[in-house]
Every structure is written in C-alpha cells, then in structure tokens.
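Below are structures written as structure tokens.
Both complexes shown next keep chain A, but they swap its partner, so chain B is in the first and chain C is in the second.
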Partner chain A sequence: MRRLKTIRENRKTRTRLFIFTFLFPAFFLYLVFFIYPAIDAIRISFTDWSGFGTSASFNGLDNYARMLSDEVFWISLGNSFAFMLGGGIIVFALALVFAYLITNYIVHQKFYLNLFYFPNLISFAALTILWVFIFDGTFGVLNSALRAVGLEKFATAWLGSRKTGMGAITLVGAWFYLGFYLILIYSAITKIPDSLFEAAIMDGASNLKIFFKITFPLIWEILMTAVALWIINSLKLFEIVWGMTKGGPSMQTHVMGTYIYFNAFGTYHAFTFRLGYASTLAVALVIVATIAVTAFRRLTARETYEY
Partner chain B sequence: MKNKSKVGKPAAHIILGIWSILILSILWIAVINSFKTSAEIYANILALPSHLHFENYRNALINSQLYRFFFNSVIIVGSTLVILTVICAMAAYVLSRFKFRGRQALITSIIFGMSVPELLLIIPLYSMLSKMNLLDTKFCLILIYVSLCIPFTIYVLIGHYNALPNEVREAAIVDGCSESKTFWKIMFPLSKPGLFAVASFNFVWMWNEYLLAMVFTTSKESRTMAFGMYALQNSMTFTIDYGALFAGIVLMIVPAAIIFMTFHKYIISGVTVGAIKG
Partner chain C sequence: MKRAVRKAVALLLGVLLLASCASCGASSGDGGKKEITYWSFMNEGEPVQKWMQTFIDDYEKETGVKINVVWCGRDVLIKLQSAIASGSSEDLPDIVDQMNTTVLTLQESDGLFCPLDELMKQTKAYGSETPFYDIFDETALNAGRASDGKLYCIPREMYTSAVFYNVKMFEENGVSVPTTWDEFMDVCEQFKALGIAPIAYDGIFEEYIPWWYIRSCERMVGVDTLQAACRGEVAWSSNSRFLEAAQDMQALVDNGYFQENYEGANWPSSQIYWVSGGAAMYYCGTWLPSELAESTPEDYVMDIFSFPAHDDEDAPGVEEVWGNYWAILKDADAELALDFINYSFQKKYDDAKSDMIIPSPLKDGKPAAGLESQSDILANAASTCEIYGDLVQYGDYYSNIFTRNINDLMLGKMTAEEFIGKMDADTANYYK
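Showing the complex of A and B:
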C-alpha cells in the first residue's frame, strides 16, 4: 500500500515538474519583457521623464492635462479615426465585392488571393518609398499622369497637406491591407457547407440574392471579428505614415502611433526624448482602442446563426 | 455557388484584373527604375531605361550594405521563429492538456497581452535593455520579437492542441512513454500544420516590422533589411542615388517572392489564424 502511494506521489511530482518546465521558458520571457514593461509604461506616463539616463519624478496628471490641451494630439487622434473609417470602408467594401466575385466566378481562386496578399510580404519600408514617388509633387507619377491627360490644375503636392496627405495614406493603407481581410472573408465563405446553398440554387435564386440572404448572415460573425481587428490595427498604424510623411508637414499628418514615436525618439535628424509624455500618449492609445472596439462590439452584437 | 451568368465571369475578371494591375504596376515601377540613372528617373519615372544600369544593384548591395542587412534579417527572423515556435508549443500544449492551479490566470494574461500595442512597450523596454547592455545587438531584437509574439502564438496554438485527439497521447502514456517524450515524439510533430500557420503569420509581421528595429538597433551590425531600406531612403536625401534605392526595393521583393512561392500553402492559413489576434 505504502509503495503504491509513493509511486503515485512520485508521478504527481513528476507531472508537476513537467508542467513547470514546459511553461517556464515562454512565461518567463513574457513576464520580464512584456508584462513588466506594460505596467512600467503606466508608471512612466505619470512622470516627467525626459531622457534615458536622466532621473524622473512623478508629476501626477500633468501629462494627461497637457495631452488634452495639445493641439497635435487632437490632430493625430482625428487622423487615426479618419484612417480607421475611410480605410475601413474601402477595405471591407472591396473585400466583400472581391470575395463575392472570386467565390462565384473564378476557377483559380487562390491566384487572386495570393496576388492581393503579396504586398504584405515586401515590407512597408520598400513600399512606402514607391508610393512617395507616386504622390511626389514635382516628379510623381500621379501628377505626370494628370498633366498627360490635361488635368494639370488638379496636380498638387499630395503629401504636402493634411487633407490630401491623409487621403494618400488611407489609399496606400487600403491597398496594403485589403489582401489580408479578403482572405479572412474568403475563408469564412468557403467554410459554409454547400448543402445550405443547394436549396436556393434549386429555387433559381440569383447569385446576388444568395449572397445577401445566405452567405452574408452566415459570415456575419467572422466579418465583425475582422472589423474589430481592423479597428485595433488601424488605430496603431505607424509604418506607412512614418515611411511616407513622418507626420509632416508641420505635424499635420501625424496619427497616434507616429506621434507617440515622435515624442519618444524624434526624427532621424532631431531627437526629442519626451519619454513621460510619449508613455501618456501610448496609454491613451490603449484606452481609445479599447473603447472603440468595445463600443463596436456592443453595437453589432446580435443573434448568430449556427450551421 | 457555380457560375450561371455569361456576363458575370468576364466582369469579375475585369474588376479583379484592375486591382491586380494596381499591385503589379507598383512593382513594375520598382523594376524599371532600378535599371535607370537618377537623372533618367527625374526626367520620367514611367519611361523604360535607355540602358540597363546594373551598377545600381552593386551600389545597393555593396555600398549601401544591403547584403549584410539581408543576412541579419535571415538570422534574426530565423532564430526568432525557431525559439518562439518551440517554447510556445510547449506552453500551449501544457495549457491545453493539463488541469492545474493558475491555468486560467495564465490564459487570461495571454488574452490581455494580445491587446497591448508594441508602442506602449518600447520606452520601458528600451530603458531595461540599455541597463542590461543589450541594445544594438541581434540578440536584443530576437529577445524582443520572441517576447512580443508570445501571447498571440500561445493563444493560437492552444486552439490547435485542443483540436488534436487525446487517444494518441493516452496510448503513449500507457505504453510507458514519459510526458515530455510523448510531447516531442508525438504531439509536437502532429501539430505541424498549426505551427507552420502561426509561424508564417509571425514571419510576415517580423519581415515588415521596422519600428522596433529602428528603436533597438543603430549600427549596421544588427540592422534588419526592413530598417536598412528605411535608412537607405533617409540617406537618399543627401546622396540622391535613386537608382540604387529602387534596386534595393527589388532586392527586397525577390526574397519575399521566393518565400511566398515556397510557403503560399501555409500563408493563407496563417492569415486565417491571424484573425484571432485582437
């Protein structure tokens, strides 16, 4: 009896040891290089820290008050939401149309999916350089094209103002991200069992009718998850804007992501190191994104269809 | 959902074709300009090169040292993917198959981690790593990439391990296999499709990423390809060798295209996996 008990005890200790050793590497790194810095960022957001190597002291809510009266913060917040809404409408409208066309009319469906996703593999750094050449005021492709067809009066320095700059950034963002969301919607559609369509096809329903009456309700939930994903990803946009305008001219095209970076590290040529304030902005970004996603989820919650 | 209409099919090809042209023309501009001189590029960015200036490629690779950044990227991204996938598979397997105290808390912390943007972490991480004297090393970037990808990777892999049948594992245990041997010999190989899918998603993110690379590395010893391109763009303000810049872009596209053609099967499932993020 006693021996059986020790064997069982032994096995239990061994299982415990196994669980611990398997969890340890990942969770150790996660704790030290993720959870701890995340909490530390909140602490830093309440300090006046202004340079690595210098000391920081708490200044209460000063940074947060400063943020609310910071004109550029509101510009960047507005730009982030403009990108989220404008880019979101383009991305999801096109992704739905393309998914409809691909599933209904195309034989080699993977060809288009792969091609549309391809920009994601090239790196923003290279792509944004190309797009800057398209939108450049003096020798850009877009202006040359406009001049060639006699629409010279529309030619402008596209990245030189808030309106056209954000417009250009939104188009590039949509061009870049479309493939990703298209694949999500496409996989949702292909997961629907054929049997659900058969009855409708027998009844002679049109493709469009089938799409709106059957496909659309059935992919609703995945579609809404994809939109929530877009909200989060678009609010933390950084690379495209930094590559194209760096927030310029005169801070007019900053989005939240670039404004955080700008305050923390400055530009390539001038350093800032407003570390406390940058952390405040980063905390604000997390809060804004959480509110946006939660609100969106509340608004779109509805009955789901099981199949 | 089969095609019945006669108009539909050509119309679909035309609409999808227009978007394809939008993607390919951007790549086309990179290719033709990579063979031109700066003066030619200034004159007309859409014109074909009068003469193939292959020296642009030499300038990009050797003078701008893109070849070094390419190897840096391969080393950093490669090591990150191996370490990340292995340690996350181990943790996810345990979280999926064993009941123990604190399990739910760990899973909750992982879900929390998926909603934290990297922009929140860069400042504390920077000060931490500078105290540890690790800034500006390849190891530093590997450490950061691994750590930042952990929550998402574990979360996705828990789902994959949940979906694997338990009978195989039980049979192995009955046969006297130890828990860790069962994992390495049976469960880990069985989860290969899931591992590839999540790794391909992480790959795309890391290959593109230059925010963290820009913050945590400064010298050329540890610079990645993505950051190298960005730095090249910045240095162009002074040297104006646009031909080399375009050659650099093409050099960035080629490995991406090769990887893409090799792994395209996993990339679509990787994207689908990515929907879980956020």
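Showing the complex of A and C:
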C-alpha cells in the first residue's frame, strides 16, 4: 500500500516536472521581457534617468507631482479618452450595423469582411502619410474636394487645432480599427445556432427584431470583451497620432502614447531624453487603463446566456 | 516508451534554450579581421544612403575592413539610447552620424563621444600630405565643438538657413529681392496684392515652427542673450527686442502673408506648395534643393537670400551653420573609425555629394549647383551659430515651452505682448 503511494507521488512529481519543463521557456521569456521591464518602469518612474548611462538619481514623488501640474498631461489624457469614447462609438456602432447587414443581406460575406479589414494590412507609416495628404490644410484632398463642389467655406486647417485635429485622428482610427472589431462581432454572430433564428422566423419576427432580441443578447459577452479590448488599445494609441500631427499644433493633439514617447525621446531634431518622467506617465497610463477596464467590466456585468 | 518520449522532448527543449542563449553571446567577428560598426542617420534607399554605400563598398574592398552598417534612420540616437540602456557594450556602434547640435547635446549631457582634434591633426587626408584636420572649412569644423572647446564630430555637409525664393516669379512680377525687413514686408505685400501667397509656412511641423522667430531673435538680440533667456537667466520682457521680433511675427500672421490654411500644413506640403508655384518664398535650410529634387519642375529656378535684417541692426549679422556630423564613440577604435571617415572625404566622393546639391564642408569642395549664394551669405556673415540658435540643447524647455508658445503666436492665437508675458511666466515656472 505504502509502495503504491510512493509510486503515485513519484508519478505526480514527474508530471509536475514535465509540465514545468514545457512552461519554463514561455514563463522565462515573459518574466524577462514583460514582468521585469514593467516592474523596473515603476522604479525608473521615481528617478530622473535620461536613458543614457547608469546614473539615475532617486527624486521621490517629484515626477508624479510634476505630472499632476503638467497641462499637456491633462490634454493628452483628455484626448486619449476623447478618442476612446468618440472612436469607440463610431467603431462599435458601425461594426454592429455592418455585421447586421452582412449576416442578413450580403451573399459574399468574406469579401466584405476582407474589405473592411484591409486597412490593417497597410503599414501605419504609409497609412498616416495618406491621411495627412487628405487632411492637409494647404494641399489636402478634402479641402480641394470641398472647393470643387462649392463648399469652400467648410475648407479649413483640419490638423491645425485640437478640435478638428482630434476629430480627424478619431475618424482615421475608427476607419483603421473597424475591420478588426467587425470580424470579432461577425464571428460571435455566426456562432449562434441557426435553430434560434429559425424559431424566431417561424414566429414571424422581423430581421431587426431578431437582431435586438436574439443576436444582441447572445453576443453580449463577446461584444463587451471587444469593448474592453478597444479601451486598452485606444488608450495605447500612438502610431496614427505620431504620423499625422506628432502631437501638434502646440501639443494640442498629444495622446498618452505619444506624450510618453515625446518625453522619453523627443523628436529627432530636439531630444528630451527624460525616461524617468516618461516612465511616470506610463505608470499613470497603466493605472488609468486598469481602472477604466475594471469599471467597464463591473458596469456591464450581467447574467450569461447559455446556448 | 512514454517516458522516453518525455525525456527526448525535455532534452530537445533544453538544447534549444542553450542554443538560443549561445547565439545571443556569439561574436560577429571572425578572428583577427577588423570591423567597424556604423549606425547611420540615413534610411535605406535615400540618395545619400546610396552615395554612402559606394564608399563603404570601396573601403571594404580596399582595406579589408568590414563595415557593419545599420541604416537606422532619423531615430539613430534613440536607438543608441536603447542600446546603452540595455547595458551591453557589444551592441554599441563605433560610429554614428546625426545633426551636430544633437550629437553635441548628447556629448554635453552624457559624454559619449571621443575628442578628435589631435587625432585629426595627426592623420593625413587620404591621398594627400595635408592633415585631415586642415581640409575642412573652419566654420563647419567649429560647429562640431562642445562647450569645452573640443571637437567631437566631423562635418559631412555644411548647411545654412535662408529665404528660398522663386526667381521667375520675382522677375515676372518685377519684384526685387529684399535686403531689409521693411523691404521684405513690401515684397510680401506686393505678392499678396497679386493674389499669390507670399510665404509658405508649416503650421504643425514642430521642427520649422520656431525658426522664423529664432532667426529674428538671433539677428536682433544675439544668440547668447537668446540662449540665456531659454535658460531662465534673462527675462523675455527685459529686452524690448524680443518683443519687436514677436511683433514682426505677428505682422506676418495679421497681414495674411502665409498661405491659406497654413495652420494645418504639415511637412512636406508647404515646401511642395512653394516649389509648385503656390507661394513666392519658403524659409528653410539649404538641404531643401536636394530634398525637393524629385518634386522640382525642370524649369523652376530657385535662389536664396539671407534672413532680412532691420535697418537698425548690426549688419552683416549672424548666420546659421550646421550639418550632419560623424561622431566616434568613446569605446571605439578611434584610429580605425577615423580612417573610414577620412576615406569618405576623398575628392571623388565629396564631388559626388555636391552633385546631389549638398554643400561640401571642405575648403576646396565643389560648389553645389543652385546654392552658389550660400558662399556669399556665409562670407558676409559677422559670425555664425548653429541651427535654431542651438536652442535644441534645451530639449525639454525648447519643445514644451519655447516651440509651443511660438506655435500659438504663429497661429495667431496670441499677440506678441501676450507671447512675451507667457514666455516669462512659463520660463519662471519651468525653472522654479
């Protein structure tokens, strides 16, 4: 009996060792490339480290105090939230509408999904150059088009102010990310058993009624996960803003991602090199993102429908 | 059987891990062969990169030294920062190149580079008995010196800033090239009356936004006072000429001398607008003809004139001189690195560079076509300073306070008086 127990225990230990052997490489890489830098960023956020050399003086809460009185930090945070809300409304409203149309009325569904996903295949650099030339105040295609159709009074310096600049960035962001979220929602819809739709049709329900009474509640979980993903991704926004405005004019279109980069490095002709302060902003961004996602998940938590 | 498979898998994983670790630490060298690692400011495919590749290939062939070149692009020093932060000296380059002001800013703050005066004096220029040091234009060379007076970087080109103008447009409309600020304003008025935008200006391109005001201050107040104001040692309101320079900028905005919707113009749209005949003038560095080479119509004639001075200024005034400079890192084999840099200054390579309309920093360098006026401008200068009055050395202040407030002034969001008041308040707050 005792021998049997020992054999079982040995087998258990070997199994654990076997599991550990497989997990170790991934865990090791995660530890080195994510956990360690993340913890180190917190340490750096309390220093004045430039990013060069090894000398970094501990400066207590100075960086955090500076951040709270930094006007551009609040502008960046405001812009990040504006993008999150404005872009989120556009992305999810359009994604739901297009998902509804594609699943109900379109024959070549894959073609349209690929079409919407197409912007994701273009590099951000090329994409932003394209949009800068559309929105540019002097040479912009948009202004030329407005003038061509007699609407010159609406031609303006689109990227020349916070309001219109962030509006343009939000539209470009929504255009870019729409395809990804559309595919998520479309996939969720196609997972719903046909029998539920057939029963509803038998009962004489319209497409719209089916969408709101069956489709929408059944994709709720995935939809909310997609929104949480959007919250995180939108708060990390960088490439579109850096490519289109670099946070200008007068720092009015910075978002958290670009402002962190700007403080860490600056621009190639005028370096700032304040990795300490940039880490402080990054820590703040992690806290803000965590609070936003947690609050969202709590607010939208509800009973899961099984099907 | 199962146990054997498990053991084999575990062994394989272990071997893979070890192999990956071993490859991380492997040397890229092969025995005694000499190597130079060069991180470049250029991107692959740019005309200057292609030009550089020619002498890199020739140097490797001629000397047997291997050049490990990485085309990092404009963020080369940011990549250097990351490499230094990673703590591995093996990953560091021997040579980098960047604008002299940024190289020197890094030298001042972190002392990364090797002093070069003595080494350059001891080294003969390739194929000549002249010391390598002596082949350079003194002004260009001096722009590579840090505040300790030592030379830390070597000029690859020699730019200045100037007002570019459309020669045909001036001639066809009977407009004379201005030499003073009042004449310049008259010229602007004439073009405005003709329905032509006098000046193309980038409203959201941070690099060019403050340039007009900086040049005005360099001329009216002097570089030292301008820098002292940026360090918070002199109040912006303490010298009335800061205000006068701001009033000049306000006049450009209020009189509508910039192209329509310039507030939302991002590089390179304004310069293309200018070279397409939309505007009469564009203020920029003398890299512009090279940068616009592919966009410039064949029959387009451009020329430059010096930033116009007020009648009561000391004339001739200060002119900006800068370029992209080579720098050798402290831990590098400086002699070998310098030998490679020296090689690139042979006449055939330098002439080929001038043919790309890039002004040479050499005393007997071939003049770049269309930029002949640069020599006159610099020959007439009372003194020289670095680009943007070398204010980029105050990186954080320069971007967050200085450029930001000038941006508001140039967008017409504040008056000259409000600008000076804001500069005083923000500067005091910054250095508090």
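Definition applied: the second predicted complex is superposed on the first by the 283 of 307 C-alpha atoms of A that agree within 3 Å, B and C clash if a C-alpha of one lies under 4 Å from a C-alpha of the other, contacts with A are read in each partner's own complex, and residues count from 1 in each chain.
Just so we're on the same page, a contact is a pair of C-beta atoms (placed from the backbone, for glycine too) under 8 Å apart; a residue touches a chain by one contact, two chains touch by 3 or more.
Here the structure is a predicted model, which means the values were calculated and not measured.
*Asks:* After aligning the two structures on chain A, examine chain B and chain C and state clash or fit.
*Replies:* clash
*Asks:* With both complexes superposed on chain A, which partner does A:Ile183 reach: first (chain B), second (chain C), both or neither?
*Replies:* first
*Asks:* May I ask you to decide whether A:Arg274 touches chain B, chain C, both, or neither, giving the answer as first, second, both or neither?
*Replies:* After superposing on A, A:Arg274 lies in contact with chain C but is clear of chain B.
*Asks:* Report for A:Ile122: first if it touches chain B alone, second if chain C alone, otherwise both or neither.
*Replies:* A:Ile122 sits against chain B, while chain C stays out of touch.
*Asks:* According to the contact criterion defined above, which of chain B and chain C contacts more residues of chain A?
*Replies:* The partner with more contacted residues on chain A is B.
*Asks:* Using the superposition on chain A described above, determine whether A:Phe133 touches chain B (first), chain C (second), both, or neither.
*Replies:* both
*Asks:* Touching A:Gly257 in the superposition: chain B (first), chain C (second), both, neither?
*Replies:* The answer is first: A:Gly257 touches chain B but not chain C.
*Asks:* Output check: A:Ala157 vs chain B and chain C. Expected answer is one of first, second, both, neither. What do you get?
*Replies:* A:Ala157 sits against chain C, while chain B stays out of touch.
*Asks:* Per the contact definition in the header, classify A:Ile232: touching chain B only (first), chain C only (second), both, or neither.
*Replies:* Only chain B; A:Ile232 stays clear of chain C.
*Asks:* For A:Asp62, select first, second, both or neither according to whether it touches chain B, chain C, the two together, or no partner.
*Replies:* neither
*Asks:* Have a look at where A:Tyr112 lands relative to chain B and chain C in the superposition and call it first, second, both or neither.
*Replies:* Once the two structures are laid over each other on A, A:Tyr112 reaches chain B alone.
*Asks:* Between the stretches 20-28, 38-46 or 308-316, which region of chain C is in steric conflict with chain B after the superposition?
*Replies:* Looking at 20-28, 38-46 or 308-316, the stretch of chain C that collides with chain B is 38-46.
*Asks:* Overlap of the chain B and chain C footprints on chain A, residue-wise?
*Replies:* Looking at chain A, the two contact sets intersect at 14, 18, 21-22, 25, 52, 133, 139-140, 265, 268, 275.
*Asks:* Quick one: which bits of chain C touch chain A in the complex? Just the residue numbers, please.
*Replies:* 6, 9-10, 13, 16-17, 74-75, 77-78, 81-82, 84-85, 87, 98-99, 101-102, 105-106, 109-110, 112, 200, 203-207, 209, 259-266, 269-270, 272-273, 278, 388, 392, 395-396, 398-400, 403-405, 407-408, 411, 413
*Asks:* Residue numbers of chain A touching chain C in their complex, please.
*Replies:* 14, 18, 21-22, 24-25, 50-54, 72, 132-133, 135-140, 143, 155-161, 164-165, 244-246, 248-251, 262-263, 265-275
*Asks:* Applying the document's contact rule, which stretches of chain A touch chain B when the two form their complex?
*Replies:* 14-16, 18-19, 21-23, 25-27, 29-30, 32-38, 40-41, 44, 52, 94, 97-98, 101-106, 110, 112-127, 129-131, 133-134, 139-141, 144, 175, 178, 180, 183-184, 187, 197, 201, 207, 210, 222, 225-226, 228-229, 232-233, 236, 238-239, 242-243, 257, 260-261, 264-265, 268, 275, 278-279, 282-283, 285-286, 289-290, 293
*Asks:* Applying the document's contact rule, which stretches of chain B touch chain A when the two form their complex?
*Replies:* 1-5, 8-9, 11-13, 15-16, 19-20, 22-24, 26, 29-30, 33, 41-42, 44-46, 87-88, 90-91, 93-95, 98, 100, 106, 109-110, 113, 115-128, 130, 143-144, 146-148, 150-151, 154, 178-180, 183, 204, 207-211, 215, 225-230, 233-234, 245, 248-249, 252-253, 256-257, 259-260, 264, 267-268, 271-272, 274-275, 277-278
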